[in-house]
Every structure is written in structure tokens, then in C-alpha cells.
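First chain written, first letter: the chains are A, B, C and D, and each begins at residue 1.
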Amino acid sequence: MSQTTRTEAFSDGVLAIAITLLVLDLHVPVRAALEGSLAHTLAHDGWPTYAAYVTSFLVIGIIWVNHHGVFELVDKVDRVTLFLNLMLLMTVVAIPFTTALMAEYLTDEGHDARTAALVYSAVMFAMSVAFASLYSYVARHPAQLAEGVDPVAVRRSIVRFSVVGLLLYLATMVVALFSAQACLIAHFAIAVYYCFQQIRPAGLRRPDSRRARWPRRAA
Amino acid sequence: MSQTTRTEAFSDGVLAIAITLLVLDLHVPVRAALEGSLAHTLAHDGWPTYAAYVTSFLVIGIIWVNHHGVFELVDKVDRVTLFLNLMLLMTVVAIPFTTALMAEYLTDEGHDARTAALVYSAVMFAMSVAFASLYSYVARHPAQLAEGVDPVAVRRSIVRFSVVGLLLYLATMVVALFSAQACLIAHFAIAVYYCFQQIRPAGLRRPDSRRARWPRRAA
Amino acid sequence: MSQTTRTEAFSDGVLAIAITLLVLDLHVPVRAALEGSLAHTLAHDGWPTYAAYVTSFLVIGIIWVNHHGVFELVDKVDRVTLFLNLMLLMTVVAIPFTTALMAEYLTDEGHDARTAALVYSAVMFAMSVAFASLYSYVARHPAQLAEGVDPVAVRRSIVRFSVVGLLLYLATMVVALFSAQACLIAHFAIAVYYCFQQIRPAGLRRPDSRRARWPRRAA
Amino acid sequence: MSQTTRTEAFSDGVLAIAITLLVLDLHVPVRAALEGSLAHTLAHDGWPTYAAYVTSFLVIGIIWVNHHGVFELVDKVDRVTLFLNLMLLMTVVAIPFTTALMAEYLTDEGHDARTAALVYSAVMFAMSVAFASLYSYVARHPAQLAEGVDPVAVRRSIVRFSVVGLLLYLATMVVALFSAQACLIAHFAIAVYYCFQQIRPAGLRRPDSRRARWPRRAA
């Protein structure tokens, strides 16, 4: 396997595991310790857990889509790219932890809820810093780009593709200072926005050789 | 890697992890807290766990087989396909949780067992909704289909391929209202049925180029 | 991806996750509850855990190697092959559970240790039954074999390739009735034996097309 | 899939899972048992956990990069290679355990902290022994090397590529006898060093056939 393919495969593996480990944050109420009915317990005590699960699932899903967007541009990976990618993965792998933290403290009425939301947002911000670093590095090193990719267009797309994320996640840190629940809603909204917003970098023209290998359906 | 290959690989990863995490629902009785012999404890207290494990393992296995069936038809994936696929994975990843819930409350004599069975069935129903949406979307967008796939036949197979699942899982929700154990048996029966029932969509003719790449044994 | 490639990839994923989840059986002694030094606790209480970890790691590693051996022979997979493969994976995924059970009860002086060893061996036996079924099925359906594979030789190798395993694991169930520790040693010995024993099925001649694709180093 | 590709894919899977399981070492403080604020608890009690997480994440990341470096040289894998690779993976899979051990005891003021650091370093040393064995074995069997790889250069690089790691990890065991915290810093420093240090084996010239398949961007 080429270095790029193997980096993509390893990253995909880590992202797939991190997204699946989110299920470990969903706890089954212990039968012997149950107060009231199971239905009431699941609905009343469980909702912060479900809200945090759905939000983080979408966030990691979007990271996966965008990660692919970056590596579509890349032909060769060097040491720095590998290192920046590892930094990105390190923040993503922490998400199941921050998700559990958010779920545990979301309904706290003191400032612990806001602390949990701040930690959640800070890890997302760190993720967006790593992502922006990775993308900027790749965009600034044309020798690493794949055939058919326009280096100028890629360089121009740095702001749109990575700075927007930085600012959005910075904003969630501010929201966290006021309300944990508003902060979680903000993360959910960002994830949904990214789901439908086209953030494919502009400079990508598929090389002809690839187009030949992945046949399109004739009209 | 192409977007389709990478989507398949990521989905396979998530499915493989979710199916393997089912083992975390099998609990080793703590030695110090054991009442009676280990054999008795495993046999008497453990059977709901084993029954839920086997059933969910088969269910996720079948989802994997059918997921493959859908992506064999697809050549290109767009944002909506990615999003619907993510919705499907989000329900599958929750299965180890609902399985543990089912196992914990299956022998409860009040209505908590039925609550657990209802949650289990509801997540399966949500999974079948996501699956049906994904399949319908792909089937209605011929431009995304792979070469050699007959769009008319695919569109015709929507009912057979996805509506049947919807109705079956809806039925398990009704069963759950009466008996958790009958509900688990129903899920097991559906999984076994799908194991041996051919649900490969009709419209699939392998493109000649692929046939050439994956050589058959000469007669 | 072809059905065979995807089946291999999914199985590899499940095997990789199951083998890695063995680490969850290694428990860190809680600091507040520590009696005596950490060194003494790790050495004195921990050894059954390490012994079970090493043994099960080797066993799953060998299953992976042999699983590959079978799928090298296969060109097409049908529903029955998929189902038998799923049965095999279902037993493998249970190994982290039986390993933890074995470790927890290995030093028990009553019959609970032998119960744990019997469960451990029974799951291994079920695994070898699934493996033998999978191999026999593939060997008896020449239409599924890859180009260049001699169906007669494959059929002849059924006994050597799968019946031996059946008998060995049956024997460990007998040993379990007498001594859990002897049983664990037997599993370790079987795994080491398989590590160095050539069990590659006889009938495999690589098709010429493949030989061309995977270039050998010139002498 | 070829044996080499499948070995790489399986190893990548195990490494990706092991690196992601590190998140399970990050514990959410139980809300009901919280003394003082969450912020204080996370900052004051959590730092050994975060330090151990970051260090082990980098270490496994580097192992992944170097593992790839070795398998780039290899065209065919035999039984011994598979076995040595399995030994390497067995030590890597234990890292989430030793990381949790290190984190739990890092601030202990007696000798338990040094015990934990010694176990952490010993597993890393065992990993480097397995790695050195794997690399030496491959380097000494030219028949297994990929086309275009210079066997003499590979053999010469054994010392640089694997003996250095052995000595470094042996040194951390000595440091562990004096201070657990210094030992963790040493592991962190080694990982960072390897991140930026070029340890690509000298003898690798990409075969022309491959160069053609993975097109470079024209200057």
C-alpha cells in the first residue's frame, strides 16, 4: 500500500473506532438500583446522554468527510503531514471522553456544567486547530498535491476550508461560559450545517487516469 | 481511494466494531460476590445475556451483508448519501447499548422488561428507516448507480428490499408491548430469515470490466 | 470492492478488534484499595490475567492466519459461506469474555476454576466447529474456488486442516474437567504448535495472473 | 488480497484500535462523588492521566509509522515474520493497560509509582525487542524483500533502525528506578524525537512499476 493510502486507512480506522466508542457513553441503568420505572429513568435521566451522543456522532462523521476531502488532494505524505494528522487524531480520540463528561454534567445547576461544556468545546477547538494546520501545510506544499489539483485554488481555499471552523469552535467556547445546554445545541447546529454545506476544496480536478479507473454510468 | 470505496471501508469498520463491542455486554461474575456455583450463575443468570448477544450479532451481521448489497449498486456517493449512511450507522452503533438493556431487564416481571424490548425494537425500526431512506435515495438517483445496473429494476426493488424490513421491525414494537421474550425471539427469527433469504436487489448486472478483474474458475 | 475482499476485510476488522479488546481484561489495581505493594499485587494476583491474555492473543492470531489461508482459496462467496463465516466470528468475538472468565477463576480452589476452563474450551471448540464447517463447505464447492486451486487437493486437506483442530479442542474440554491450569497450558501449547506448523492447504497454486501482479524479487 | 497487504491491514487495525482505546483511560469524575469543583478535579487529579494519554498516543503513532517503514521493504511474509509481527502487536495492545497503570500511580509518593513506571518501560522495551527481531529477520532474508530494495543497505541499517530503540527503552527502565515522572518525560521525549527524526531504512528504492502506479505531480 502507498503511504497515502495507508495513512487514510489508519485515520479511517481511528475515526471509525472513536465514533463507535461513543456507545460506551450510553449506560444501562442497573436493575437493582432503579428508582421508579425504567421508562421514566431512560427518559428523564438519559436525555443529556442521548443529546451528547447524537451531537458527537455527527461531529466525528463530519470530521471523517472533511478528512477525506483533504486527502483527496494529497499524493505524497511527509513526516510533518503524518505528525499533524496524528495531532488531529489525538483530539478526535478524546471526543468520547468529553462527550461523557458533557452528558454527566449537562444538567448540573452550578458551574460544573459550564466547565464540562468548556472542556468539550476546547477539545473541538483543538481539533479545528489541528485540522487547519494540516490543511494549510498540505495546501502550501504543492509538491505533495495529487495530479490535476490546482495549487493556487487550494491555497486560496485555506480560509474558507479551515479558518471558518476555527472561529465557529472558538465561539462555542464563549457560549460555554454562559450555558452548557446552549453550547451543546451550538455544536449540534454546526454539525448539521456542515452536513449540508459544500466544503469541498475548490482546486480539485480529478486526474484523467483516475476518471478512467472509476467508470461513470453512461447517460 | 475513491469516495465510494472509502465510505464502504468506513462503514465496514463501524459495523465490525459495533458487532465486536457486543462482547462487552457479556459480564464475568465477580468472584468475591458469587452466590452458589459459577456454573449455576452462568446458566441461570446469564442466558438473557447470551440470547441477546446471539440475536444482535446476527442482526448486525445481516445489516453488514445488506449494506454491501446497496453499495454494490453505487458508483458515486453525494452529500445526501453520506448523511443517510451516517444516520444508519448512528442507529447500528447504538445496538450494543440496547442489547445490554434488553439483557439486563429481560427477566424482569414488571413492565420494565417490555420497556427495554420496546427501546430495542425502536432502535431497530430507526435503523430500518435509515436503511430504507438510503436505499430509496440511491435507487431514485440513476446518476449515482454503477455501470451495468438497471435503474428501473432497482427502483422496482425498493418495496421488496426496504419496506419489508420497515414492517417487520414495526411489528416487533407491537410484540414488545406484550412480551419482551417473545420480542427477542421475533428479532432472532427475522435475522435468521434474512440470513437465508435472497434479498439481493434485482437490477444488478456486474459490469464486464469487473467480471474481467475478478476471474472465475474455468469450468 | 468484491464480495470476497469485503468479507476478508470485515473479518479482519472483527479479528483485529477482538484481539485488541483482550487488553480490557488487564485490570489496573485501584490505588485506594491496594493491599501491600503494587509490585506484589501485580505479580501475585495478576499472573492468571497475563497468562490468559498471552494465550488468547496467540489463539486469535492463529485464527487470523488460518482464516486468511481459507480465503486465499476462495474466489466467490455465497450466502452459506457468509453465514458460516459469521458463526465463526461470533465465537471469536466471545473470546475476550471467556478469557476474562478464565483469568478471574483460574486460581479458585473449588470447581469454579474448572467450570471457567470448560466454558473457555467449549467456545474454542465451537470456534473449531465453525471453522471446520466453513472450510468443508468451501472445499466441497469447487465453483467458489479461485483460479489455479486444485479442488481435489483441497477436498483431501479437509481432515488435516480442520478435523485436527476439532479433536485438539475437544481434548482441552476433557482436560478442563481435571485442571483449569493444565487446560490453559494446553491451549497455549496448541497455539504455539499452530504458529510454527505449516497448515497451508495443499491445493493452492497461485494463479498466474496474480503472480504477475505481486512481483517477486529476482534471484 | 496478498498476504503482505493483509498483514499490513490487520496490523494497522490493531494499532488503530489500541491507540483509540487509550481514551478509555480518561475517566469522567462521578458527579455524586465530586469533592470541590469539576474544574479543580480535572486539573488537579486529571493531569497524570492526560500526560500518560498524550505520551502513549505519540508512542503508538510512531510505532505505526515505523511499522509501515518495515513493511514497505517486504514483498512476501513467511510464518516467522507473521509470528514476530504478532509478538510486536501483543506488546502494543498492552500499552493502554500500562498507560492506565502509569496514570493511576504517577503521583504516588512511595515506590508504587516507580513500579508502575518500570512496568510501562518494560512493555515498551519488550515492544522494541519484538520490533528489532522483526526488522532483523526481514533484513536478513533477502528473498522476502520487495523489488528494488537493496539487501546490503537494509542489513546495514539494522543497528540504526532497531538497536537505538532497544537502548533508549532500556534507559527508560533505569530512569523508572529513580522517578516515575522523569520516566514519563523520557518516553515523551523519545516519541517526539522519533516524530521528526528520519528513520526510514536506507536501502529503499521504490520499484519502477510502483512509481508508475502512484503518479507524482509534474513539477
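Here, a contact is a pair of C-beta atoms (placed from the backbone, for glycine too) under 8 Å apart; a residue touches a chain by one contact, two chains touch by 3 or more.
Keep in mind the model is a prediction, meaning the values are calculated, not measured.
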item	value
Degree value of the rotation bringing chain A onto chain D, based on Cα positions, nearest 5	90
Centroid distance [mean C-alpha coordinates] between chain B and chain A, Å	25
Where chain C touches two or more other chains at once, by residue number	9, 13, 17, 21, 24
All chain pairs that touch each other	A-B, A-D, B-C, C-D
Residues of chain B defined as touching chain C within the complex	5, 8-9, 12-13, 15-17, 19-24, 26, 28-31, 34, 37-39, 42, 53-54, 57-58, 61, 64-65, 68, 72, 195-196, 198, 210, 214-218
Chain A - residues contacting chain D, complex	1-4, 6, 9-10, 13-14, 17-18, 21, 24, 75-76, 79, 82-83, 86, 89-90, 93-94, 96-97, 100-101, 104-105, 108, 110-112, 115-116, 119, 142-147, 149, 207, 209
